[in-house]
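Structures are listed in the sections that come next.
In the two assemblies presented below, subunit A is common to both, partnered first by subunit B and then by subunit C.
So, the complex of A and B:
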């Protein structure tokens, strides 16, 4: 069954459809990097096809064709995502099905559906990405959709008029949106925490193999931002602890799963550092903190035996937390047997030459501490080179690195160093995380980027406990001082060098980053507790959702009342001028003589009414009424006549 | 109230006109004034009343006193459009059609008992009223200036009449009802002679050119914004009321204002007062408004008074 052919459309008739298509296309473009490329491409193609069809007046496909297409689309999404659930699959499905809706878009109602799809896609994009950079895009899309609504509702709207109307409406709605944002009760539960399965994670992972860190080096995105309460530690102390890795299979370091030790009692030395970390979502469980945090910042976060902060759930939203950290500690308890065994185990049979080197060095050294120093000396003097483009390593990766290639980056050095330590039965572990951070003078914080990813080692020394050793530092001390960028190979560094090339650009970037930090801190992370904070500032201290609800309702009513007042005011006539006020007063005076002026009475008929009660006043009252030709007549009367009205006094009745 | 501005010689003459008309139609000064205002406002007039109260006399008197050429057509059911507009007659001598103008080519047309003519004839007349021109055989003939139609109809006659539909009624600026004279004036009528004889002894007070001048002067009477607000409020009121079939048309609104201007001009005022609007409102709107429920309440004039009472005059 084929649908009836649409008559060829002229430009004016095409406009509502074109606007609806534009609103939908805007939604597609907002989401095009979150769905498979073919999804967005299909949607955009269908939009183009539909507009061409409308112009040519060609037939739309029939019911059977549309049903088959819909089935194909569902199958395609299922094939790609293995589910129709979840944000990504849902967005893709919405995009494709709305695009198919275009095939049966004839009436105004269908065009409204298309605009609605554009708004839904906007919502879906908002759920996933909330960065400041996307805010203008979202605002533009909202504007486009509202303008399209205007055009679809009434084709008489020109583009300019529709844009103006929609812009005005959105601006009018803005205070309401702010009130909703601030006062709408936010439930502490994770209503918005939509499962984002199967999406690429950024940042560090819980394994480290050759090359895993170097991938991050070119990633200039911020990992987190840190604001110290007081003095910041020196740059060489800025070791941000991430996953601590214990298991080594000769090639890859892993985190031991299912192991739970009690945390050792520690004596904290040196300066305590209080700071606040604003962490970008990592889609991983760990939170980053400076070297050794003293306690967990959150009840949902565990401070593990190896001083990691481990959240209960993968981090899908930005989070801020306050921590107290020390960069120097001393263990008050000996290392347990299990812990010693875990951190001295090496893959059997692997890296024989390294084991031999370690034993030689250990025999020469008097103590573990001396052995550590000797190993570092070996790395410093052994002709090792820091490079981000090392050669590939063989099966005995540590042997190949230590004796053949002698070139690598932090991961190689940490891995080799820990292997050597373990070979001499010194407990050691690999710590991954970030090193350093860029000071942002505008925001007053450090921004730690993915490119600051680093790996170092910790060894257990008798009497001191776990001690941080960074073998990379002895090979490439400039890595600590200047960051990784000067060491980057050209292929990776071009963009970053460009960005950091001029002081002006750097300043601009810092400003932008500070704005982003503010946005993330105050808008994206505005949650239940932040809401309570805000209400607390207004003196509302009760943590009761009902009060929030009432505040929200009041704000809503207040805003609606304001709009109603505004509308009412613009409909009201202009305020009375001086003459009209004088006339009103005269009417009051005359109204005391006889009956007051009826609303429908003009000056002459009122004068007649007055005269029936006080015939003696006839002349003066008529003189006022007719001589003035006011009110409601010409505004040509002078100020003096207003004064005459104003100054009129009712004389006493004659003869009585 | 009777004063007409002395500064304007034409306006002064209007006082004479009014006086002359009042000697012919006894005891109806308000209706006479309304009729004159209607003509000054370039509007057509519908006089509705029972036979014998002086409708035709009034029309005749108006034409005579204003010094206009006038024609009278008695409408009947077999009257054809050509009987009003004119016909093209073949002239053998010149071998061509000559258009012979009908009675409509005059300055004041008295259309007696307009509701007795067929709708076709009515519409020919009413079209000419609106356009102020006549089309016959593809040629357009402008009507003389000024051009008034004074139509009369008998509301009580039902058999063989075609009531004017709303759209046609809308073209009449005013509908005036004369009514019976009061006892004193009736006695005077009975005592006195034929009123139309009085007319023949009267000299025309104005001329066609003077009427045009007076029309322009009336159009120039000042209308304040506040009065426009008031007029709009009155019109809006008729559209808001749910018990009315239709509200006032924009044409009715224009006419209302023009009539109020003419009324103010007749009263010698340089600007329109709310009272002027109120004075002409019943005559202007009564024939345009109709209740949904024909049994509910009074006639159109009662409605107009209700509307006046409902809309406050802005201070």
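So, the complex of A and C:
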């Protein structure tokens, strides 16, 4: 059963549908990089198709076709996500179902549904990403949707009028929105569990293969920002610990899962560093901290036996935490048998030449510490080259690297070094994380970028415990001093080098980063405790939710009064002009001495009445009445005519 | 300016109280009427007589905001919450703007010119916008009728014609008019009732093939005022193309009246009396239609005519006012209005 064909529409009639489609398309585009490509493409195609149909006045598909399409869409989403719950799957489904709704969009109500879908997609994008750079996009989409509301409500609006109207209303709404944002009491905790499956993880992963870290090197996005309470450690101590990897299959390092050790008691040496880390969401569980954190910053975060901070849930929102770290420690307990076994295991049969080398070096060295030094010397003098574009490695990756290519970057060196250690039964593990950080003088913090990703080793030395060894630093000491960018091949680094080439651009970038940090700290992470802090800043001693409620109500009422005044001002009639005032005075006076004006009488008719009773007033009354009758009546009279009539007086009755 | 008029006939009739039972609705209207008091035009729409409620779209928008708030709170997501608050504040601004779109408008005049039965008449409504704010999409409607929308630029007047079908002769009374608007975003509807009684006289349909009865022989008693001896002064009528400038009433024009033409007719024209009783058609309506037709014909030929109905006698005369008196007498003949106006007493004899 096909729907009745719509008659071909003219431009003005097409307008509401076009705007509703635009609002929806805006929502689709905002989300297009987080749903499968076919979803967004289907939605955009349907929009284009619907607009062409409307223009041509063609038929819309019938009920059966629509039902089949809807089923296909649900099946498609289920096939891709295996669920309809969750933000990404829900967004994809909303996108497709709304696009199908377009196929039956005829009445105004259907167009409103499309605008609503545009707003919902905007909400979904906000829930997904809150970075400062995307805020202008969100603002544009909100503006577009509000303008579409105006056009759908009344097709007479042109684009410019609708945009102006909506823009004005949004600007007037902004102060209240800010007040509500500050004072609307936030709830702690979620009402229902949230599935965030199917979203891309960013940053370091929990495996390391040859070449895996280099993917991050060209990524200039910040991973986290760090503000030290007092003195910052020297640059060569800025090792930010991420996933610690124990399991090796000859090629790839992995985190051991399902193993739980008690954390060893440690003696902390050297300077304690207090600092605050602001993490960007990674959709992964690790929280980055300087070398060895002394305790967990949060009840939901576990400080593991290998000194990682491991969150209970993947990070989907930015988070800040205060933590205390040391860069030098000494173990107070020996390494347990299980731990020793875990960190000396190598895949059998793999990398035979490396094993042989390790045996030789170990026999020559007096102690484990000497062996470590000998291995580092071997790397330094063996003609090794630091490069971010090494040759591909074979099955015995460590052998290939140590004896054939001799060129690689941090991952290769850490992997090879730990393999050599383990081959000589020295417990060793690979630590991945970040090295260094860029000082931002504007915000007073270090920003650590994805490009600072690094891998190093830790070896267990008798009497000292786990000791950090960075084999890359031996081969390429400049990596520590200058960061990775000078070592990048041109293809990867052109953009970054260009940015960093000019002091002006660098300053600009630092400002932008500081703005981002401010945004993340003060807006994105604004929560109930921040609200209470804010009240405290207004001088309230023991702020609680009641004060928030009061502030909320006061802000709302104050704003409403302001808006009513602002909006109502232009609706009030202009003050009466000289003519109208004179006429009112005349009517008032004649109301007392006669003849009075009948309610239905206009100025000319009243003038006739007056003339019959008071012929002496004829000229002046007619002058007044004809003046009022002119089309310009009601507008402010010009100065001259106002002045001419200013002295008008109703003469006293002449005794009639 | 008629080009700004839009006939909003396709709009669905809207009544904010439609879902309520009729009794409650009537009581609410009584209440509104009592608190507003009787209206004498011109009426300025003040705050206390404007009502405002969300439209269906507005209610849906509210629901959307509630869901957004829940999502924002649940995810603890600042940006989503800010978006929600921004849209909520936007809706409040929209409410204010909707309200002020009616606020301060003056209803200057409302009347319905007489029409013939089986045509469509109209209530002519004059609105004025005395403020510097342009008003858009102000809808005017009679109860249970489609609305007509118009824009009111700043400091301007606008005349709206609300179509009103005239099926049968008699008087149609409109008790009140509704002015409403959903401008600018369709989220709210502000409205007001203006309780100004409007009467539309519906003349009988001029119809019938009988020839005009021959003149009854009476000679006119009244002497024409003004004009020459030979010509009879008929009155003033609007200027038409082709009129001689000598006939134009320049004095009136000097007083800024419209261009009028003095009309004279040769003296000694005929005199008719159209008598209801002399017609033989058994159908009263057919007789009235015939009489109405004769009245129009006689007036068109500039002849003097009168109408005799049972209980009513309009002595011969001529001119637009006389024509209206005669047709009105025909219109209300036999109706309650006819009885009230001291006209014919019920059925024909």
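To be clear about the criterion, the second predicted complex is superposed on the first by the 530 of 656 C-alpha atoms of A that agree within 3 Å, B and C clash if a C-alpha of one lies under 4 Å from a C-alpha of the other, contacts with A are read in each partner's own complex, and residues count from 1 in each chain.
FYI, a residue touches a chain if its C-beta (ideal position, glycine included) is under 8 Å from a C-beta of that chain, and two chains touch if they have at least 3 such contacts.
This one's a predicted model, so the numbers in the text were calculated from it and none came from an experiment.
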Per the contact definition in the header, classify A:443: touching subunit B only (first), subunit C only (second), both, or neither. neither
Would you sort A:243 into first (subunit B), second (subunit C), both or neither based on which partner it touches? neither
Tell me the contact category for A:152 with respect to subunit B and subunit C: first, second, both or neither. second
Taking the superposition on A as described, I'd like to know which of subunit B and subunit C A:170 touches: first, second, both or neither. second
Thinking of the overlay built on chain A, is A:465 touched by subunit B (first), by subunit C (second), by both, or by neither? neither
By the touch definition at the top of the document, which applies to A:390: first (subunit B), second (subunit C), both, or neither? neither
Max touched-residue count on subunit A (subunit B vs subunit C) belongs to chain C
Subunit C-contacting residues of subunit A that also contact subunit B: 573, 599-600, 626, 629, 634-635
Seen from subunit A, its contact residues with subunit C in the complex are 109, 112, 116, 119-120, 122-123, 126-127, 130, 135, 138, 142, 146, 149-150, 152-154, 156, 165-166, 169-170, 172-177, 180-181, 184, 186-188, 190-192, 194, 317, 523-527, 559-560, 563-564, 567-568, 570-574, 599-600, 622, 626, 629, 634-635
Quick check on the complex: what are the subunit B residues that touch subunit A? 222, 224-227, 229-230, 269-275, 278, 308-315
Which residues of subunit C touch subunit A in the complex? 6, 40-41, 44, 56-57, 60-61, 64, 68, 70-90, 92-94, 96-97, 99-101, 103-104, 106, 128, 130-133, 136-137, 155, 157, 182-187, 255-256
Quick check on the complex: what are the subunit A residues that touch subunit B? 573, 576, 580, 583-584, 587, 598-605, 626, 629, 631-636
